[in-house]
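Encoded as structure tokens, here's the structure I'll be asking about.
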Amino acid sequence: MSDRVYKKLEIVGTSPNSIEEAVANAISQASKTVRELRWFEVIETRGDIVDGKVSHWQVTVKIGFALES
Amino acid sequence: MSDRVYKKLEIVGTSPNSIEEAVANAISQASKTVRELRWFEVIETRGDIVDGKVSHWQVTVKIGFALES
Amino acid sequence: MSDRVYKKLEIVGTSPNSIEEAVANAISQASKTVRELRWFEVIETRGDIVDGKVSHWQVTVKIGFALES
Amino acid sequence: MSDRVYKKLEIVGTSPNSIEEAVANAISQASKTVRELRWFEVIETRGDIVDGKVSHWQVTVKIGFALES
Amino acid sequence: MSDRVYKKLEIVGTSPNSIEEAVANAISQASKTVRELRWFEVIETRGDIVDGKVSHWQVTVKIGFALES
Amino acid sequence: MSDRVYKKLEIVGTSPNSIEEAVANAISQASKTVRELRWFEVIETRGDIVDGKVSHWQVTVKIGFALES
Amino acid sequence: MSDRVYKKLEIVGTSPNSIEEAVANAISQASKTVRELRWFEVIETRGDIVDGKVSHWQVTVKIGFALES
Amino acid sequence: MSDRVYKKLEIVGTSPNSIEEAVANAISQASKTVRELRWFEVIETRGDIVDGKVSHWQVTVKIGFALES
Amino acid sequence: MSDRVYKKLEIVGTSPNSIEEAVANAISQASKTVRELRWFEVIETRGDIVDGKVSHWQVTVKIGFALES
Amino acid sequence: MSDRVYKKLEIVGTSPNSIEEAVANAISQASKTVRELRWFEVIETRGDIVDGKVSHWQVTVKIGFALES
Amino acid sequence: MSDRVYKKLEIVGTSPNSIEEAVANAISQASKTVRELRWFEVIETRGDIVDGKVSHWQVTVKIGFALES
Amino acid sequence: MSDRVYKKLEIVGTSPNSIEEAVANAISQASKTVRELRWFEVIETRGDIVDGKVSHWQVTVKIGFALES
């Protein structure tokens, strides 16, 4: 029986509200086209500013999923 | 017409409640003296502990703003 | 009088809800066996995914505490 | 209305002439199959040497594009 | 004649036996769907532990392949 | 006689043409308000893409200048 | 029911033969005093040289284990 | 009552004698124009060489100070 | 005969006078409870400022010691 | 037949004009005394400033060459 | 009596079989021209791929040796 | 007239007393065989411990010198 292999995608999720919601959006979008998502790693957190306030959080995550052998 | 140039400031925002609020405080304070704030990058997240609980989140951000040419 | 010395522990807190709660859980657990916790540093933020949603946030923190001289 | 989500690809462009041309080649190639390219980040610059001269610049870029929601 | 362009994939290979076998598994799996694999870079080496022994090596590699122009 | 002290600013220069021109623009802008600029360090190179081509190079530099004692 | 919390130890395993054996030795030693070892991360690989040959591989790993709540 | 916000400056202190003195010079110079200096972080240590000896230590520090709310 | 295994502790030593003394204090404190200390690695150098002068150097070191097999 | 072994040198090339020319100068100089140069990796890009303009680009490259077995 | 001084070389060893053999080849080659090799540090592990299999492991090591005073 | 080119050596100086003296020893030794030493960069600071005290500081520096064109 062969050993599992995984692939990582690098996705940037955005949200006006929080880091957690930006990550959730990234994962939600990835899950539309990829099955077997298993884990994520936060790589970078940044955002844009409008009128002296955070307009959008932009969080880069690597998302790992199992390849079908 | 000349190309835009930006400057980055390194600011530490604090909050007893959340990373997001600490970042918002950093940006809010910067916006008091600098116009044209455009984006931020989270550089470091840390905090102090009092009585076994997070007392303050201390989040270092780089904040970019457009210089007036 | 001697100078203070501190030790850092590396702890991974988890939470289904937020980064802040995962950190709070790490600190809460550490405070059960170690006194004089003083500060923390977020080292890594990741998590696992179940059914296309974040199942648990896994946040690695270094926690500093004062050694008794 | 949902928040935008982006994906990053890691591409290595090459050119015998310059870093800028190597990046342009990477982007040009990516644009053949992906729409909505938005930004790039230079990750690594290297190259091979033939007869004591730069033969090809090899520049690794991450290229971000908007996913269609 | 245009300059070659390459793409990098980020793959995690696993093996109960060795780092080398984990890498070989990652490459073998990638070669099922991608032609023209050229090189790899080891990014991270980790694994899980069961009963005080390494159960699986988990090695993240970036794998470069030539895009067809 | 006291020893020289320097300060570093973090500036992002932009240019539609090249990395070198983006750096030159950053330095030129800084020299409008600061005297005694001495050196620069390239920290990050990125840019935005419009219609499958580099629209602007965005190069972050740290610029060092001598403080007057 | 509370969320799991983990602790990481930093251990250097050594072996005259291979990286894998050095890691296995680190884990084996840690398992003598700590239960519930779950995963490891290779941090650094180095070694000493005697008579122009590798004498010992010295591999630093972080080893994670579950704290009992 | 609002939360404290801090700003970091990046300063290079120099000294012919020691790292400590170079840092002290950086802080001393910064204190001439900024009040409420609170902490420093050593970022880089380098220097120039004249006649086979260290001529000057050049130590880059980030210096944090409290912004007045 | 089994191969030696080492453990690393992360300790922050402090001193009003010098980096060297801060490191010595960290090692001295560690040696009160751990035998077989072998080496140290300086990880971070920082400090606090009072009245425009360095009040304490805070130096983080990793200290390695041999585990008894 | 033995496997090839390579050595890397770390060279800083300079040029008043461009990054590419600074790299070319580094390689050209290295090729005067070393044969079999094969590849280079750009490690750092910086430069000095005179009268508000880039005076020299200073680009550090690692240059790899084959050792003769 | 003067203190020992060491020099580090950066060497890339290759092997079709394993990381360990690639490192051994690097050290073996270095030992032909340099005496007093003492230790090595693995800096980078990569390789090339031919026909969907690892063709050669390419492991960059820094090798330290004692300079004769 | 051609542009200056520099080479960097990586040297580890040692001293029982201080970081500064370890660096001085590294530079002093390098100056025995290389002329035109210009600058150094501290890369790593570590040391060995004997009887609960620092036995030797081991400081890795990169030393730059001008190549003769």
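Worth a mention:
Per-chain residue numbering starts at 1, and chain names A, B, C, D, E, F, G, H, I, J, K and L are given in the order in which the chains are listed.
The working rule: a residue touches a chain if its C-beta (ideal position, glycine included) is under 8 Å from a C-beta of that chain, and two chains touch if they have at least 3 such contacts.
From a predicted model like this one, the values you see are computed outputs, not experimental measurements.
Listing every chain that touches chain C and chain I alike gives G. A repeat of the C-I interface exists among K-L, F-J or B-C; more than half of the contact pairs are identical by residue number at K-L. Centroids of chain F and chain L (each the mean of its C-alpha atoms) stand 30 Å apart. Computed from the mean C-alpha positions, the centre of chain F lies at a distance of 44 Å from the centre of chain G. Averaged C-alpha coordinates put the centre of chain B at 21 Å from the centre of chain H. Multi-chain contact residues of chain C, defined as those touching 2 or more other chains: 10, 18-19. Inter-chain contacts, as defined above, occur between A-B, A-C, A-D, A-E, B-C, B-F, B-H, C-G, C-I, D-E, D-F, D-J, E-G, E-K, F-H, F-J, G-I, G-K, H-I, H-L, I-L, J-K, J-L, K-L. Across the interface of their complex, chain J is touched by residues 2-8, 10, 62, 64, 67, 69 of chain L. Across the complex, chain I is touched by residues 9-16, 22, 25-26, 29, 56, 60 of chain G.
Against chain D, the residues of chain F that register as touching in their complex are 17-19, 44-49, 52-54, 57. Touching chain H in their complex are the following residues of chain L: 18-20, 23-24, 27-28, 31, 37-42, 63.
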